[in-house]
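In order of appearance the chains are A, B, C and D, and numbering begins at 1 in each one.
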Amino acid sequence: MKKFINKVDDVLVESLSGFAAAHSDIVSLHLNPNFLTRKQKALNKVAIISGGGSGHEPLHAGYIGYGMLDAACPGHVFTSPTPDQMLAAAESVHANKGVLFIVKNYAGDVMNFEMAAEMLPIVNGLHIESATVLTSDDCAVINSTYTTGRRGVAGTVIVEKCVGSLAETGADLQSCKLLGDKINQRTASMGVALTSCTVPAAGRPTFDIGDNELEMGVGIHGEPGRKRAQMDEADAITQELVNAILDTLKPVPNSEALLLINGFGATPLMELYLLYNTAANLFKQHGIRITRSLVGNYTTALDMAGASVTLCLLDDEIKQHWDSPVHTAALRWGK
Amino acid sequence: MTTSVILQSLLDIHATILQHESEIESLDRAIGDGDHYINMKRGASAIVEMHDELADLTPDAALNKIGLKLLSTIGGASGPLLASFFMGMAKVLKEKGDTSAKTYALAFASGVDLIRQRGKADVGEKTMLDVLIPVANRFSELANANADNKTICEALADTAEAGMRSTMNLIATKGRAAGLGERAIGHIDPGAKSCQLMIMTVCNALLKHE
Amino acid sequence: MKKFINKVDDVLVESLSGFAAAHSDIVSLHLNPNFLTRKQKALNKVAIISGGGSGHEPLHAGYIGYGMLDAACPGHVFTSPTPDQMLAAAESVHANKGVLFIVKNYAGDVMNFEMAAEMLPIVNGLHIESATVLTSDDCAVINSTYTTGRRGVAGTVIVEKCVGSLAETGADLQSCKLLGDKINQRTASMGVALTSCTVPAAGRPTFDIGDNELEMGVGIHGEPGRKRAQMDEADAITQELVNAILDTLKPVPNSEALLLINGFGATPLMELYLLYNTAANLFKQHGIRITRSLVGNYTTALDMAGASVTLCLLDDEIKQHWDSPVHTAALRWGK
Amino acid sequence: MTTSVILQSLLDIHATILQHESEIESLDRAIGDGDHYINMKRGASAIVEMHDELADLTPDAALNKIGLKLLSTIGGASGPLLASFFMGMAKVLKEKGDTSAKTYALAFASGVDLIRQRGKADVGEKTMLDVLIPVANRFSELANANADNKTICEALADTAEAGMRSTMNLIATKGRAAGLGERAIGHIDPGAKSCQLMIMTVCNALLKHE
């Protein structure tokens, strides 16, 4: 393992400290328990809190700021945060309109956020009200009501952006949750890995993969996906990702959509733009109009080489909230 | 069990986890995200560090404190589940106020039940519950039949082992491996393995005490 | 080599096409010769044109837009563009106030841009006037007037941002050049590689490096640096990078500075922020006040794992132009 | 040399470059950025593709067109330098209007001079000029001494080889390897190697023609 780290146990706090220092105009870092908030507490709005295991940077701390999150709770690498973090964050950022947790659908994240929600304290004589949006856009996983279900991956960024925008208008908790759920249902992602990632504390790659192999449908923690396959041309790989998404969303012809090409951490922009080119053309062939785009490392898996394709079917409400101003470390426009 | 026996067991568990690093880690690397060993180690170390402040507490108070510590230390799926287990045990011990095998069987069952509720899972879903539920059931049976400690310890270690092995040929429907479908078959569930190891360790420790 | 590509010869155009499609609100792509311009031609300002070999994305095309570049000329991977590209770009974006070329100091880039400048045509009876800023911030290389001299690396982004800002005010060609030269003199960078990059057409890593080695002072094309050394803790590595920069810039105590931690392509944000943390602390110990920061993949070397530290000594003029609005694919704020 | 001999030489050069892929590539990987082979191949292929449109031109017009094509095809450091070489040759051939060895020696020298001006470099800086300048000098000497073609070809191939080898023990002061200091020692300059190969190829072709 070759990484820019000192002691394995200090990686998280050193990295968070660097993040907070580099973006001290936007965020504040709180340690023990660990959470990050906006520099300026927002008032009179639903507080939007997300969190999850670290290693997916800029998710989630990079999305704290005007128009997006109020706080983020970073767990250890690939390990969901613990309820005390969410409690402390909620107490710090809630502004009497309730707290919305945006949680990627993993057993660990779901349970830790759930326990936090159950433990939310009474403030000003009122229990801090909360609701939760579970993101589950990874269509590599076959869905079922009897199982843990689909994993939340890069589509989470779209949910956080748009729900954050709606909260900024003063909308109530229930409306924010409804928008989040709607976007989640209209969003599907599918990823592919060319290499494994290496968790610092483990010190070696999470999975072995041959020089001529790829992992189709991989998760953002290096979880095995749909299948191990032979390395192929970008067009063929993208076709498979796009097909999985089309099978899931079944968009009607002429649908308008946002296309997100997300790098997993070690894949350069040059390749991500090439994937964008291929994916956009394939979706166009299926009558989909791509009117919004995002290409880059937005939901990563440490140093994994690979990428995911995310399609979000737009409507006027989602478009409005995607386009609205946002001012965070990792997404910034219109302000 | 007195608090000091509980604490000795937890020291033993810590040692066992460390001894089985590569085994636990490879299981979670195969069908999870590779952090289960790190999570368990972090939790066990935190408890070892609490040793002195726990020593003077009653068993139920100690177990409750351990549960809270695990809740804020482990994270992931195993964190809230194991925390719930200890808090569930503590609740029954506190209510009953005695340290008989029957009470511990009841407490164990109560801990497992909280895991089941929190994880919305049951036997056959390729999780730690494939170890814990059979062990809880066997424990109740034997305690109700007034079996001696030796019999109980041996039986529970065997039941845990069998439960752990049973996860090998299951498809996962809960937890991270639920995404894998058929590909999960042939691998033991990491959480089942670590629970089996913990149960085995405690049983061995109690057997030695006999 | 595992990359998301189709045919090696098509990588560049497919990637550029994806870039242009994803950012069609900001840029236009022209092929044969290849160059990119702003979607909306800017009037009454010096036209700022940069370019260089591809493989450093988002440099330079990602910096086209309001407040920064007017056009960029992408060469083949790691190969400087050819004069016909610069000529076509200059003819397309010049607005009667002259053209400023921002060129990274490599023999190839210097000569190709030089020939382009010599060949600039006569428009409206006047030769299109041009000037050139050569960036040479890589302090891994010992400087000398008798040699090719220092290489231009990540500091180029700071030059492009600030000169672009000044040009937007209607400043003349000479003033833009002077600001660029000044920033270049006040900027130093030093990089370190943990792995090699792989040029698609070559199909294998540019250099071999052991599992426990690093290349100190590496260039952004994988050129060998100051020395091959044993892998070390992040603090020790950063100390060496910071020392090289301090030796070069010799900043007076209490200097104000911009700190840029630049990833080479395969190093995740988590590690870059950790490096930021260490570097910022070390500079602080030397009495430097870091008041501006940038952390991310801004001047990459394909899929190389590694990073560079850049320090730019600020003054009021540079600060003003760094803070001013910019609207490009890769840098966006204030607008 | 007639245009058809020039074109044949360029076909030969294209073949030579392709044959020496791994050698040229490893040299630029060692002390450059690894693209010199790709650059040379791209340039040579572009000229091969122009074959038909060049065939009817005079030698000077053909060389000038080749120079312009290389200028817009190769890029990097070698692109403008090699382009300058061909344009410099073309200029003298056009002025002189004959195809004698003396004229070609003058044309060669003029091409090399443009490289020297464009690259601001000279002998001893570990570049292609360590091949080209000695070859240009030797060519002038021999042509002025009215040496026969065979003598000239053999001598130039040898001089090129010696020049190429001389770069081995130099520190680079120009081009990409200038950043390396002492570490460049022990490696032959890639541009020197490809120039030596090209000169050798043309000399061999002309020798066969004899």
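By our rule, contacts are C-beta pairs under 8 Å (C-beta built on N, C-alpha and C of every residue); 3 or more make two chains touch, one makes a residue touch a chain.
Computed from a predicted model, the values in this text were never measured in an experiment.
Visitor: What whole-Å value do you get for the distance between subunit A and subunit C if each is reduced to the mean of its CA atoms?
Guide: 29
Visitor: List the centre-to-centre spacing of subunit B and subunit D in whole Å, with centres computed as mean CA coordinates.
Guide: Roughly 76 Å separates the two chain centres.
Visitor: In whole angstrom, what separates the CA-based centres of subunit B and subunit C?
Guide: Their C-alpha centroids are separated by 55 Å.
Visitor: Two or more other chains touching the same residue: where does that happen in subunit C?
Guide: If we look for residues of subunit C contacting two or more partner chains, we find none.
Visitor: What positions in subunit B touch 2 or more of the other chains?
Guide: Subunit B, residues with two or more chain partners: not present.
Visitor: What topology does the chain touch graph have (line, ring, star, complete, other)?
Guide: Shape of the chain contacts: a line, open at both ends.
Visitor: Provide the full list of chain pairs in touch.
Guide: Here the touching pairs of chains are A-B, A-C, C-D.
Visitor: Once bound in the complex, which stretches of subunit A touch subunit C?
Guide: Against subunit C, the touching part of subunit A is residues 2-6, 11, 14-19, 21-23, 54-55, 57-58, 62, 194-195, 211-212, 214, 231, 233-235, 237, 261, 265-278, 280, 293-295, 297, 300, 302-303, 305, 307, 332-333.
Visitor: What residues of subunit D sit close enough to touch subunit C in their complex?
Guide: Answer in residue numbers: 25, 29, 31-35, 37-39, 42, 71-81, 118-119, 173-176, 178-181, 183.
Visitor: Where on subunit A does subunit B make contact in their complex?
Guide: For this pair, the touching residues of subunit A are 33, 53, 75-84, 106-108, 111-112, 114-115, 138, 140-142, 144, 146-149, 151, 199, 201-202, 206-207, 219, 221-225.
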